[in-house]
Amino acid sequence: MKAARLHQYHQRLKLDDVSEPDIDGPLDVIVRIGAAGLCRTDLHIQEGQWAQKSGVALPYTPGHENAGWVHAIGPAVTNVEVGDTVIVHPFISCGLCGPCRQGNDMHCLNGSFPGINRDGGFADLLKTSARSLVKLNTGLQPKDIAALADAGLTAIHAVKKAIPVLGPGTRVVVIGAGGLGHIGIQCLKALTPAEIIVVDPSERALMLAGELGADHTVRADGIQRNTVAELTDGHGAEAIIDFVGERGAIEDGIAMVRDGGFYYVVGYGENIDIPTIDVISREISFIGNLVGTYNDLHELMTLTAQGQVSLHTTTYPLEAINDAMADLDGGRLQGRGILIPAGA
Amino acid sequence: MKAARLHQYHQRLKLDDVSEPDIDGPLDVIVRIGAAGLCRTDLHIQEGQWAQKSGVALPYTPGHENAGWVHAIGPAVTNVEVGDTVIVHPFISCGLCGPCRQGNDMHCLNGSFPGINRDGGFADLLKTSARSLVKLNTGLQPKDIAALADAGLTAIHAVKKAIPVLGPGTRVVVIGAGGLGHIGIQCLKALTPAEIIVVDPSERALMLAGELGADHTVRADGIQRNTVAELTDGHGAEAIIDFVGERGAIEDGIAMVRDGGFYYVVGYGENIDIPTIDVISREISFIGNLVGTYNDLHELMTLTAQGQVSLHTTTYPLEAINDAMADLDGGRLQGRGILIPAGA
Amino acid sequence: MKAARLHQYHQRLKLDDVSEPDIDGPLDVIVRIGAAGLCRTDLHIQEGQWAQKSGVALPYTPGHENAGWVHAIGPAVTNVEVGDTVIVHPFISCGLCGPCRQGNDMHCLNGSFPGINRDGGFADLLKTSARSLVKLNTGLQPKDIAALADAGLTAIHAVKKAIPVLGPGTRVVVIGAGGLGHIGIQCLKALTPAEIIVVDPSERALMLAGELGADHTVRADGIQRNTVAELTDGHGAEAIIDFVGERGAIEDGIAMVRDGGFYYVVGYGENIDIPTIDVISREISFIGNLVGTYNDLHELMTLTAQGQVSLHTTTYPLEAINDAMADLDGGRLQGRGILIPAGA
Amino acid sequence: MKAARLHQYHQRLKLDDVSEPDIDGPLDVIVRIGAAGLCRTDLHIQEGQWAQKSGVALPYTPGHENAGWVHAIGPAVTNVEVGDTVIVHPFISCGLCGPCRQGNDMHCLNGSFPGINRDGGFADLLKTSARSLVKLNTGLQPKDIAALADAGLTAIHAVKKAIPVLGPGTRVVVIGAGGLGHIGIQCLKALTPAEIIVVDPSERALMLAGELGADHTVRADGIQRNTVAELTDGHGAEAIIDFVGERGAIEDGIAMVRDGGFYYVVGYGENIDIPTIDVISREISFIGNLVGTYNDLHELMTLTAQGQVSLHTTTYPLEAINDAMADLDGGRLQGRGILIPAGA
């Protein structure tokens, strides 16, 4: 089969012919990829940022946002059948360890992460496990929802953590209305009554944010802190969801959060660097977020089937992976980039 | 009356004769100080660290950990009577703003903080408000519990936030077994089934921690991270409660927290400085803590009356305030320093 | 002033001339009534159902859903000024007892309940307290929102309790789309992503429910259990909010709740009577609801000002109180009945 | 192998020779029974109370509280090995349905319940599944902990639900200090700071309750309501945990719960029958409880290994099952009855 593989850090991917994955274990499932989302993390992988954390051996196939159709199943699989349309939770979890039993699939003690530390979905076929599959019987198509497997999942995971602090009359600042942010806005709209303030440097992104339900859009023009202060009676917002995590976003976000408020860290790149005296005298909290649980993905699929969440995408054939990555890196990619294998 | 006042930053306090406070408002209460706790924050105030944050005009009277007897009450006060023994919540809150109505007294939009931004309790009398008083009808005496008004309150506030993540089989690392830490250990023991690991450089502090219920005590000897890793099966602890916040505690604490875990920031001094990629890939959270609510103080008094929490203290007459501060600064003060006015 | 008073149980109210209330305490507030809602509880009061529970001495003035303008304030009142438009939380709470400090105003140990156990708002003026007032600076008028003070407050209180079990993909059954139910539907729509199923015998009520956002409306025609079973894949709904509590609603609701689900009791009249073996083998829970907190009312006012909640009302002059009560009792009252004093 | 089977309702069990269970599925596990607890539910089964609910075909083998050693495993089992000491979660769950993914194993949509609706553990061998096993590597022995698989699990499940309402200064009433109650008391002691009041008709049970940590023991002598009222300042307790559910316990419990409080239903037999006006005017809630989750069982094993929970038991050889049942029915059984197969 075809697979777009990384042979060396800082190099372009190569479209290789590789052997197809096999069913080894009774709960294995092979998915024929219908669509695979392109994520900023794929750029970070290429740059070597994840080399040490993932420990993956090169060459390998990235691609951690996958949807498609069940191609083959192991003998103990009961929840899907060959031919089913599925979206793939990015993590392969064991189902038996402590974190799994608590539903925290992404902290599985025996897990792996296709596209990060083993072969992912920039290929014709992907090997995963029964526990990772959400069956779609709602007419949703792989190319329309693949990017929800990670971008969307991460967004809803962070939004769900914020629900308890976002009652009527509260405000939430969304920093970044790109691939994750534009889904986050829709999840906030569907799940909370909070007033949504979106901050982004791009007028186009802000226009989209407004269409998706943002109550206020604020251009990141250098004085965005002041604008947010005015929109929040000078107190700041109960919650910040930061989908950027670099280029000044963090200092900005800290300035925008209300005393006693919460800062949800999603985007990454630079450091949180804050005096502890500010953390305690303002009683602010920083909440980490790592993709999401299987249940988060299931709920996101429900919202999508109900029409409450939709993705803005640009599709590329799988063989154009390097063009897609260059477009993403260059800020030319509108919405989420989606790669489609030749046979899909 | 006598009051120990700060006339200039970086100078010693002076014991002045000042006029007694008056009842102005219907909910005012004047408390005759029975005992006032000495806090590391008082050193930070003297050093000017709080000058800008508090905006207080010098000279003024520090002292934010107070207990005593009701001396005079305003006409609308119904919850205490002259002569009642009371502990004083450190914040004067309005009771009517949003945060107050949610029980977050310390975020009152109209509040003030005696000892920080107005005259505090290093004096014969303190002016506060009806809402700030917890009546003690349990035989507890001011000198035995004064330091619970801030040190204890802050400790229980942080511990209560950690309860939901500290079920059976979990571990919590307490960094620092001093004034706050030794109360935190007792609160953890009373409120959670977690295994308690205490880290401190002082053998004496660790011995006390063991007596108070710590399951493991770890000397901060440079390799404490490794020791904690061994005690937690290599995974780290579900919660870190950091009562130090400086001198390497933060880097240590971050290394000791389990993926998906929580870091409660209580002590302060240095910065949290962490790459966001670590925050998200490990999904760790930093939770700020600012003193505590009225309900926290009430609950702490209940635990104290039940004998589940007790304070280790060293008492000084109020006129020896500068000796007490020097002892605290020099690490010679065992337990919490307590100042007793001449007439008490 | 004029007041509609109950002189004897089972008798009509009389419009009496009574003396105006006075400011006695420093936190007292007198409100000039702009509008007072009529509640089914007023009928139950007239029938004597509350006689023993309230212990009120006759004659007295019912009316516990009040809004208007501040007429006079005590010397310690800081949160409102004469002339302010306000809605009145139905409970007068002390602000100092345990339940008050936890925000559970309606369980105040020193509280009273105008319209239930002391004079209420079927009059020109109402005496209440500073803590009971939500100031409206949003253009909302008393006649448009008075009924939110109890009917709306009770509805949002129950809905807020249900939020944690009403994630994406869940279902909630609302039993009764009348005075409380039609607000409950709007609160559910604003605060949760759950699919809303409304059951009511009246086609007109169901039509209104559909306009307000119900996803499914089910005529209570004797086989409503089966219809709900079909709408919930045979499993039942995660939550039932029962605004009726009599005439078969309870048996119905129990049949409609999913195993592991929650039944929120709001309407009253008959008994819950269920074998404990069913409670445990199905692990179902019954959650009581009593009006709501001050914060609930504040949040409801925010939703109303945002246009997310609106009331369907029929207004009557105060002197027509007995007509209004007869209409309510006879099922002829569409929406909530609102009484307007002559001078308002 | 030997199995004690029910051939007809209202008849004694018979010790039959039956064929051994086989490994059919890849996740199947056969456990050699070391000990099986006897539960009041076994009497109710014999009486036919569960006939319709379970739909089980006679003859079959009861016994739903099991512990032992792994005897055989299917090819996909990774969490246990032959020879491991295990306690058996009473439910066989699929791990893939909605409730399973949320950790609510006992509401599995594809589950079964050995000892209730299929063959249980009153036998030499029991067939279960990998997901149902908690491995014990702590020296705990089957006979010492078997009864925790249901009695203990149910008790900790109810206690864990009550944790959020049982802070310092609150009270909990435990109704019934028998098989479940005496574990419930220990769990309350380990997991909450609440004052524990235990009500039981038996002096011996109350003496045991006192030894296990009850703060107050109250003889159920007809005026127990008054005694509890005195112990709770006339307000009642924040939580009632009712392990009896019959013989007046329910009316008693309702009279003992504080306004705004919670009633946890565990024992069963009679009806909850309460006017909805009392439910709403007092805002009390009834919380159903059905055994517990896998995580609950895991946590209970941790508390047991730490010495915080221990069982009071009387052991019988398996062939004496009918004597044991008669003793339980006749009130002659002290602690939990434990059945030991001949070979164990």
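In order of appearance the chains are A, B, C and D, and numbering begins at 1 in each one.
Throughout what follows, a contact is a pair of C-beta atoms (placed from the backbone, for glycine too) under 8 Å apart; a residue touches a chain by one contact, two chains touch by 3 or more.
Treat the numbers as computed from the prediction; the structure is a model and nothing was measured.
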For chain A and chain B, which third chains touch each of them? C, D
Rotating chain B so its CA atoms sit on chain C gives an angle in degrees, to the nearest 5, of 180
If you average the CA atoms of chain C and of chain D, how far apart do the two points sit, in angstrom? 40
Just curious, how far off is chain D from chain A if you go by their C-alpha centres, in Å? 42
Residues of chain C that touch at least two other chains are 298
Chain B partner, complex, touching residues on chain A are 49, 53, 99, 104, 106-107, 245-246, 250, 259-260, 265-277, 279-290
If you look only at chain B, which of its residues touch chain C in the complex? 25-27, 75-76, 78-79, 94-96, 98, 101-103, 110, 130-131, 294-295, 298
Can you list the chain D residues touching chain B in their complex? 160, 163, 167-169, 190-193, 298-300, 302-303, 306, 308
